[in-house]
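Each structure below appears as structure tokens.
Two complexes are shown next, each including chain A; its partner changes from chain B in the first to chain C in the second.
Moving on to the complex of A and B:
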């Protein structure tokens, strides 16, 4: 009897230790997701678990939303999705309970379980993230299904936020120039290429869209008055405002991270130079001064430095300088044609266009001058634009014949076209947008 | 006799009852076994997932231990190195000029290193510099400042020393700590007056003076810049700034 009691005490003690270590492990797992050496979490999206009798049609329509969510999660790079076995829709569940072992056999660490119930008028979808290691839900969100893709995008971002503390990009948008006969107008897409919206109908050529950091405005170049001028479009008030209409070229607007300034390329002093335009005071400060062409400025995420293209060495190369024009240094020495630099929002990398064997390719390198890598190989690839989390790039490519928008991950993997229009170029990936 | 016949007649019946009872008992036992087996299965699945979780934790702990052990090892090696350096320095200082070997009385002096061990325990200079610079671009200014200070302490004669000194100033400037920034930019000018960060340091010193409301200081910095580095991009910027001064 005594022995039994002792055993019971030992067992209780062991279970306590075991549980505490589980709690510790749980924190560890979720923190690990946000470290720089990201190891994606193996996730299986299970079949829809219908609560009660629900028509097959409804299940099929909700499945479309779940598929959008799955695509978002897979693209995010935070998860690696494994397919559940097609043959058995009830696989891995017994009377509604998760059979952890069956899923772990597939290599899964977590499950996304979509649960569907219907009342008279509405379908309720509950999205659960079930951690197989600790045997419980670590995220749950119930929505009334409105069958919009935006709903799936929002849940994806909420899952990523809850599990990693980071912002996801599923609800972001991409502004770009859409070819329309002789004209190019600005349009807007969801980040995955759906939900096309026209932004301008100015019947002229409009180029180089650039988002204000709050996502409320777009600066761009317009040929409305038969010369290049910079305008800003307020997307809430649908108001167009002229920013720079000085003599000569007015190009490549780049909004500063604090939204108070804009770096521009102007040629009013003879050749193209970079200027800093303060929006409140409408004052201009010249930052570069050389016989060469200095253009296409881009900001460092802290707003203290600029990256730009200059042909002062005889061919276009990428340079860095402090945002007051001082402390100039050359970044690229590879090849003889490097242009269109964009600084990653994470601060560590700069993507740019390099001419390699007669074709334009997207390349990237560390801001510290090393780690040069070519990211594209087919056709001409131009106009790189970082996602606000710094994990993906949008760009335009003519590899399929006409110029279309493409996305890829930061190291060049997962390249996919997101448009199939008459012609699409100059993508500008939005910042994280406030949820409407 | 009658009793025997009756018994013989009843025997199959009684036996039948016995068999049936036995059957019921066996079925109960089977049911019990089946339920137990199911329970066991559930428990096994649970144990299995717990075990997997536990294995994961063990791996993580192992990895963490290895990392910690590695860094501890590195620190110990670095301390050993420092101790050896200190020892050899003390020995050299204690030796009278021209003396070949100390009278060690059985204690051997530290053997001269085969090759300079300087870099053995130090972090890689490029890596240290790059990490600090990345902290600047990410806006982690305090981290960046301490990174560059560490760099200067370990590699004071590196070709990146003037850059490090400049970025310390920039780290303060970005935080609007103009007095501290000015002191650091002045240090660039004092220590590395002819290297590539000098012109930028003059320009930034002028900006610090301007922010501090010290117009004469700003003017003087920019004028010296124009005089000393007339062909630098900063000289052009300085001319514009001087025009804006009251």
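Moving on to the complex of A and C:
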């Protein structure tokens, strides 16, 4: 709920995002939004409207699902949520009809009306989005409540799809490394930090998870044989496959957007260089050629370019090259430590880690190297990973004393911890996942 | 006491035999016999003295922040390490490169690799066969000191020698 406070100042900066996203909207999208609205929609989630007599405890349990949905909508940045007056649960309704004026007084443009009815065995929740301007529902979805958070996440994504034509991130996951004594194992979370699931129990150090573009596999570094090697975990077949075990370093796996190749860091030729590994043919193409460290490749969303870290100027800096290794350009000149670049799925920004006043901070810049902004300020912050819609970043931070996973919006607002574990790092935000 | 003397003479006998076949190790053997001067010390059973224990202690090599160049202060210990490796050709070592906790995981894995390769290349230049020097990087994953200050960090930016074969 704290998020809501932080939202106000985000919105000015967001206008351009919505301009681009709404113009690209599909035909089945709610047209009013796609033409005139360029700001987050002021939305009030009303109290649950019970149809007939429903026990208070049932209403309270359904309220938990509605709260998850509200948090999802607020985090999405497509909506600005305003609280309804607590004192009067019947506020703004008369005989089941919406009193538009009462809500518009609160600044609302739309309402989310949760309607609950119960038959003998099941609770039916109907989620309505009511446009106060035109006086009718523009979205309605009825579900049989199973009290899972996933159900709320799916409704949020359906609302965002229907109203904006964009995919929402509420049903996405975050893979990460969970500290376990001397070991680090891969684990999985819902994007909001719930539903912790352990993926590996290899009793070793595992690092740098990277999702295949279809969300079916995770590539990662594993020290199973006391050295860096790259493996892939098939999350449907639950199988582990070795990808790269050559002499020297085998690190920083990065699946290409088409899923056919993987950019890797190998030192088989004597020094850390970036290679392109074609998975089907198992052929290897060397992309960099320098005496210095080249590592941490990240793909442009169209698969034509790679951003990476190189210390060839004497300190680690961010470089850009075409996917065949040509057309090399240096992007960062600020400070003497810039690493871990990740390209926004929207294509317009690169987030990275920069050492500022002795601390490591998440920063972002345009893909042209200008527009440098610092996004974090407390403690050490590392491992940025974009949400698949490019509106949010997951990262690790030790600002509370131990390394935990945090989320923030693309311009640095709304920073919140989503783990409270013995140690969590290297988040990898999943692509949009197929709805189960 | 009498028994002790017998044991010691046994050791002396064996060491003389060893000295005969391995000239270079003669000085080592004299050291092992030293216990006869301090009667209080327990005497090691002669069985263990059959083969001279090759006790090779390599010093850890330390580095500056974000650096993989061999520092002046490491030159003498690397020279000593090369001498040891040349004296014991049956010994192979794994050079384990490490970093301090600052900096990003993947860059530090590459940095640790650079450090271990820098030590390997230095030893190769001093005449040690490359095939006896394996390199591996643990990045910032295995700190020697768990503190969060410059003293700890300095201890963690290192290459350790791990003896693999004797």
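Quick note on the criterion: the second predicted complex is superposed on the first by the 398 of 436 C-alpha atoms of A that agree within 3 Å, B and C clash if a C-alpha of one lies under 4 Å from a C-alpha of the other, contacts with A are read in each partner's own complex, and residues count from 1 in each chain.
Here is the rule we go by: a contact is a pair of C-beta atoms (placed from the backbone, for glycine too) under 8 Å apart; a residue touches a chain by one contact, two chains touch by 3 or more.
Here the structure is a predicted model, which is why all the values come from computation and not from measurement.
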Chain A as common anchor, with chain B and chain C clashing or fitting: fit
Partner chain(s) touched by A:208 [first = chain B, second = chain C, both, neither]: second
Which of chain B and chain C A:227 touches, first, second, both or neither: second
First (chain B), second (chain C), both or neither touched by A:101: first
Chain B versus chain C as contact partner of A:309, first or second or both or neither: second
Contacts of A:272 with chain B and chain C, given as first, second, both or neither: second
Contacts of A:293 with chain B and chain C, given as first, second, both or neither: second
Touching partner for A:366 - first (chain B), second (chain C), both, neither: first
Partner chain(s) touched by A:353 [first = chain B, second = chain C, both, neither]: second
Three-chain overlay, closest Cα atoms of chain B and chain C, distance in Å: 20
Residues of chain A at both interfaces, chain B in one complex, chain C in the other: none
Chain A partner contacts - residues on chain C that touch it in the complex: 66, 102-107, 109-111, 113-114, 117, 135-138, 141-142
Chain A contact footprint on chain B (complex, rising order): 44-46, 48-50, 52-54, 56-57, 60, 126, 129-130, 133-134, 136-139, 166, 170, 174, 197, 199-200, 203-204, 207, 233-234, 236-237, 240
Complex contact set, residues of chain A against chain B: 18, 21-22, 24-25, 28-29, 99-101, 104, 132-135, 285-290, 300-302, 304-305, 321-322, 324-328, 343, 346-348, 366-368, 370
Of chain A, residues touching chain C in the complex: 182, 184, 205, 207-208, 221, 223, 226-228, 248-249, 251-252, 265, 267, 270-272, 293-296, 309, 311, 315-316, 337, 339-340, 353, 355, 360, 380, 382-383, 425-426
